[in-house]
Amino acid sequence: MPDRLTLAALNDADRTSFVAALDGIFEHAPWVAEASFAARPFATVAALHEAMMQAVLSRPIEERLAFVRLHPDLAGKAARAGEMAAESVSEQAGLGLDRLSDAEYARFERLNAEYDGRFGIPFVICVRRQTRDAVLAAFERRLGHAPGAELAAALAEIGHITRLRLVERVDGPGAPAVAGRLTTHVLDTQSGCPAEGVRVQLYEIGHSARALLLETRTNADGRTDQPLLGGGPLRIGTYELVFHVGPYFAAKSPALPERPFLDEVPLRFGIAEPEGHYHVPLIATPWSYATYRGS
Amino acid sequence: MPDRLTLAALNDADRTSFVAALDGIFEHAPWVAEASFAARPFATVAALHEAMMQAVLSRPIEERLAFVRLHPDLAGKAARAGEMAAESVSEQAGLGLDRLSDAEYARFERLNAEYDGRFGIPFVICVRRQTRDAVLAAFERRLGHAPGAELAAALAEIGHITRLRLVERVDGPGAPAVAGRLTTHVLDTQSGCPAEGVRVQLYEIGHSARALLLETRTNADGRTDQPLLGGGPLRIGTYELVFHVGPYFAAKSPALPERPFLDEVPLRFGIAEPEGHYHVPLIATPWSYATYRGS
Amino acid sequence: MPDRLTLAALNDADRTSFVAALDGIFEHAPWVAEASFAARPFATVAALHEAMMQAVLSRPIEERLAFVRLHPDLAGKAARAGEMAAESVSEQAGLGLDRLSDAEYARFERLNAEYDGRFGIPFVICVRRQTRDAVLAAFERRLGHAPGAELAAALAEIGHITRLRLVERVDGPGAPAVAGRLTTHVLDTQSGCPAEGVRVQLYEIGHSARALLLETRTNADGRTDQPLLGGGPLRIGTYELVFHVGPYFAAKSPALPERPFLDEVPLRFGIAEPEGHYHVPLIATPWSYATYRGS
Amino acid sequence: MPDRLTLAALNDADRTSFVAALDGIFEHAPWVAEASFAARPFATVAALHEAMMQAVLSRPIEERLAFVRLHPDLAGKAARAGEMAAESVSEQAGLGLDRLSDAEYARFERLNAEYDGRFGIPFVICVRRQTRDAVLAAFERRLGHAPGAELAAALAEIGHITRLRLVERVDGPGAPAVAGRLTTHVLDTQSGCPAEGVRVQLYEIGHSARALLLETRTNADGRTDQPLLGGGPLRIGTYELVFHVGPYFAAKSPALPERPFLDEVPLRFGIAEPEGHYHVPLIATPWSYATYRGS
C-alpha cells in the first residue's frame, strides 16, 4: 500500500497528480477521478467519495453496465490464475475465495454463469463486508432481482468497495464510517456485579459448519479488553457467542447441582449492518439469563 | 408386564402371595419382600417402598455388599448375551446400552473392571434417570468415592430402580414421585401475546454429538400441546431447545433485516433432577430474549 | 336477583313468559325482547345477546337515539335521588358514583350537561368495566367524538351492560366472556425456584390518589391462592403491584446491604381489556427484575 | 474555601505550615496533623488521610472518646444557633438539618439525648453521604450498638467526613474515591435501538414523602447527557426513577391501547454505597421491561 495521502494534498494537487493519486480506487476507470477533479476542494473524505460515485451514477445506463463489466468474477478464473488487480486479490483472499475446494469452485462457477447469463455483468459484492455464507445467500437472492434493481445493487456494492479503499488511501476530516464493532458484557445479577473471568468464545456459523473466530475472558468490568470484532466492517453473517458461565457460578455457589442448569450459554445472532455497533450482553444468574441488542 | 396390583390387595394378601406379587422388584432378593411383610398394612405405595429399602439398609455391610453384587454389570457381558433379568434388559435397552459400538463397549468394560477392582461390586445406576452422557460422567465421578460413600450411592440407585418398578407394578394412594416434566412457553413481548406457531426442537447434547429428540410447534397459548418430556423420570443430562423465531417475527414485522438479529434461538440447559419440573420459557422480541428455570 | 333461568327454558317459553323473563336486561325497552322472540331457539347465551343487540342496532337512528335517552345520567340526579332502576343503582354504586363529594358531583354534572348539549343523549358507560379514573377519561375523550361515532360508542356500552346482566340472569351453554383475570407469579432466579411468602399489594392508581385493593402473600408455587382480580370484568384503569422482596431476599442472603438495592418493587400497568387475562409476573434477584404481560 | 494545596507543597512544608494547612480537616484537633507530620512524604492523598486517621485510632480509648466529643450534635442547638464550625454548618445544611420543623427538631433532640445518655458522645455521621431518611435509620440502628462497636462506627464516619474535606483541600495523585455515580440507559427492544426522548424523573423516597430531584430526557444514545447523580458521594437512601415510556411507544406503535400496559414505569431502588457506581437501565417494550444493577 502506498503512503496515505492527505485530503489537503489532494485538494491542492493538479489534475494529473490527483488522478494518479486515486488510481485503482475505481478499478480500470481513471475517468472517475478525472470527472471528480472539477468538484475540488472537498471538505471531507466522504464528500470526495460521494463525488466519485456521482461521476459513475450520472453516466447513461450503457456506460454504467460497461463500468461494472470491468470488475472480475467473484472467485472466478481470474482469482485462481492470479490475474486480478492486486487489491481485488487481497480482498477476495480475506474470505478464502482464492482457495476454494473444487466443489465450492464449481458452485461459484455455476452461479457466476447463471448471473452473467441473466444480467450480462459479473457479480460484484464487497467481500470485506460478508461472510462466505452471506456471499452465497446474496448471490441467490440477487439472482431474483429485476435487471434495474440488480444494476443498482452492484453499484451500491462498488460504493462499499471504493469507500473502504478510499478511507485506507486518504487521510483527512470527515472520513465515512467503514468500521463496525461487536462488544459484549457479562453481568452477574445473582451478586449484582460484573462477571469477571468468564471464558467467551465467538464462532462464525456457516450453513453447515462453525468456525471459532476467537476466545477470550471477561475482565474485572465484565467486558473484554478489546472489542470482539472491530477495526473494519463487520462481516454480514450469523455468529454465536458461547459464555462458559458454569465454572464461574460454581466457584461462587458451591451448592449448585453438579450438572448445572446453565453451563455453556450460547447466544446466536445475525449481523446485518457491517458498519453498526452490536453490543450483545449476557445478564445471568445460575438459573436465568437475558440478552438483547444493546448500544 | 403383569396386571397392576392394588395396594389394598397387597395389604390383604398372605405372605406367599405378597412375596410372589413383589417378585423381581428387588432382583434375586425375595427376602426383601419377606422382610417387609410384617410391616403391613401400608398406607401408601411410598411407605411400602420405604419399608423394602429399610429391609436392605438395616442389613450388615457384608450382606448389603452381597446384595449389590447380585446386580448385572452395566452394559456388560450379561447385557450382550441376553442373560440379564427381563426388566434389567429393557431398562438398559432404553439407553441403547445393549447395542454399543465396539469402542464404547470396550470403554464400559474398562470402567466396569476398574470399578469392580476398586469396590468389589458391579456399578449400579438407574439408567432410566440418565442420558448416556450422564452415565459416563457418573461412572468417572463415583470411581473417586470412598468405599462407604460408594456403597451408599449404589444403594440409592437401587432405591431409584426399585421405586420405578414398584410404581409400575402397584396401584394405590401415595405413589412416590417418579416422573419429571419439561415444558416451555414462548411469549412475544413485542406484541404482548403468546407466540403461536413457533417451531421448537429439543436436542440431547452429548459429549461429542447432539441428537434430535423431538420437534413441535407452539399452540395458540404459546405452549406445546404436550410436555416436551414427561411421563417418567427425566434423564439427567444436557439439552438444547432451539426456537425458530426468525420466521415468526418476519411475518409480523416485514421491515426486519433479511439477516435477522434473532433467527434460531438455542437455549442450552442441564437437567439434574429427574423427578423435577423444568419450565424453560422463551420471552422474546426480534431484538432480545430471556429465559429462566420457571415453575 | 331472581333465580337464574336456563336457556333451554327460555327457548321453550311462550312470548309473554319470554319477554317477562328478560325484563330489565334492556332498561325500559321490553320491545327488545319482543323483537328477539322470533329468532328462537338460541344455541348459546351469546347468540341470544347478539339477537337482542341486533334488534336495537337495526332500528332507524331516531329510535336508537330515543332508546339511549331512556338511560339514566351517570352519577346524576337520579342516582342521588334513588330514582334509577334497581340494577342501574347497584352497578353505579360499585364505583361509588352514588356517594360523590360535592366537588366530584359538580364535575359530573358539568360533564353531563356538556355531553347532553353536544349529543342530546345521556352519557352511557358500563361502569362495571371501569375505574372511576377511566370513567372520567372516557367522558373527556368521547366528548371529542363525532355524533355518529358517539352513538355507536354508547350502544357498544349498552352491549357491555346488557351482556353482563344477561349472563347473570340466564344459565346455559355458550355464555359470552364477561370476566377477566389478573394473576401474578414471583420467581426467584437467584435460587431457581418460586418465591414463597412474598407480600404483595395491589393498588388502583387514580389521577391524584392510590387505593389499596388487596394484600396477600405468595404461596409455595410463587403464586397467589386466588387470582388478584377476577370473577367479573376487570375495571379499565391503572394499577400497581408492590412486591415486598426485601425481607424475602434478606432471609436468604444475609450479606446483602442493610439498605437493599431492591426492597419494595412496584410494577405499574394499565388494564385496557376487562375480559382479558393479565398475567403480570415478577422475575427477580436481589439485583435485578423483569416483568411482562404474560399468558 | 481556601485555595487548594498541592500534596507536593505539603510534603515540602515545615511543621507549622503543614499543621496550619490542614487546620479544620479534623475539627478542634490540630494534634492529628501534628502527629502525621513525621510520616511525610506522602505518596498519595489517600496515604495522607490514612496517616491522619491512624493518628486518631492509635490513641487510648479515653482520648478517642474525648476526640469524638469535640464534634457538634447533629441538628442540635449549635446548628440552630450558628455556633458550629463553618464546614460543619454547610455540610449539615445540605441535608436541611439547619431548618427542621419543630416536630423534626424535637425528634432529633430526643434521639440526641438518648444517644448521649447511652454512649456519652455526640452522634456523628457524614451527612453528605446520607439522605435525611438514612440519617434517621442510622440513628435508630446505631442506638442498638454495643459501646465499642458504636465508637468504631463514629470514628468511621469521621473518616468519611475528613476524607471528603481533605480531597477538597489537597490536590495530588492518589486521591481516595469520594464520588459515586448514578446513570441510566433506556433501551427499546421492540425496535432494537436506544430509546431517545424518554422523559425521566428521579425522586428521593423518604419515609412518608417523595421529593423530585431532577427531570431530564434521554438522548440519541438512550442515556442522559449528564449522570443523574455524581460529582460527590451518593446519599444513602431510597430512590425512584420514573420513565415515561407511554408517549414514546405510542408514537412508534399507534395501534397500542389508549390505556397502555406501560405508561409511567417506576424503578425503586436503594443506594448503599455512596462511592459506588449505580447503573440502573431500563430495557423495555410496550409489554415488558427489565432492570438490574449494571456497571
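As written, the chains take the letters A, B, C and D, and residue 1 is the first residue of each chain.
Going forward, a residue touches a chain if its C-beta (ideal position, glycine included) is under 8 Å from a C-beta of that chain, and two chains touch if they have at least 3 such contacts.
Keep in mind that this is a model prediction, so the values were computed, not measured.
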Note: chains that touch subunit A and subunit B both are C, D
Matching A-B on over half of contact pairs, by residue number: which of A-C, C-D or B-C?
C-D
Need the CA-centroid distance for the pair subunit B / subunit D, whole Å please.
55
So the centre of each chain is just the mean of its C-alpha atoms; given that, what is the distance between subunit A and subunit D in Å?
48
Check each residue of subunit B and list the ones that touch at least two other chains.
189, 192, 261, 283, 287-288, 290, 292-293
Taking chains as nodes and touches as edges, what kind of graph is this: line, ring, star, complete or other?
complete
Under the stated contact criterion, what part of subunit D meets subunit B in this complex?
189-192, 261, 283, 285-288, 290
Listed in rising order, the residues of subunit C that touch subunit B in the complex are 185, 187, 189, 192-194, 221-222, 283, 290, 292-295
Listed in rising order, the residues of subunit D that touch subunit C in the complex are 134, 137, 141, 236-238, 257-266, 268-273, 287-293
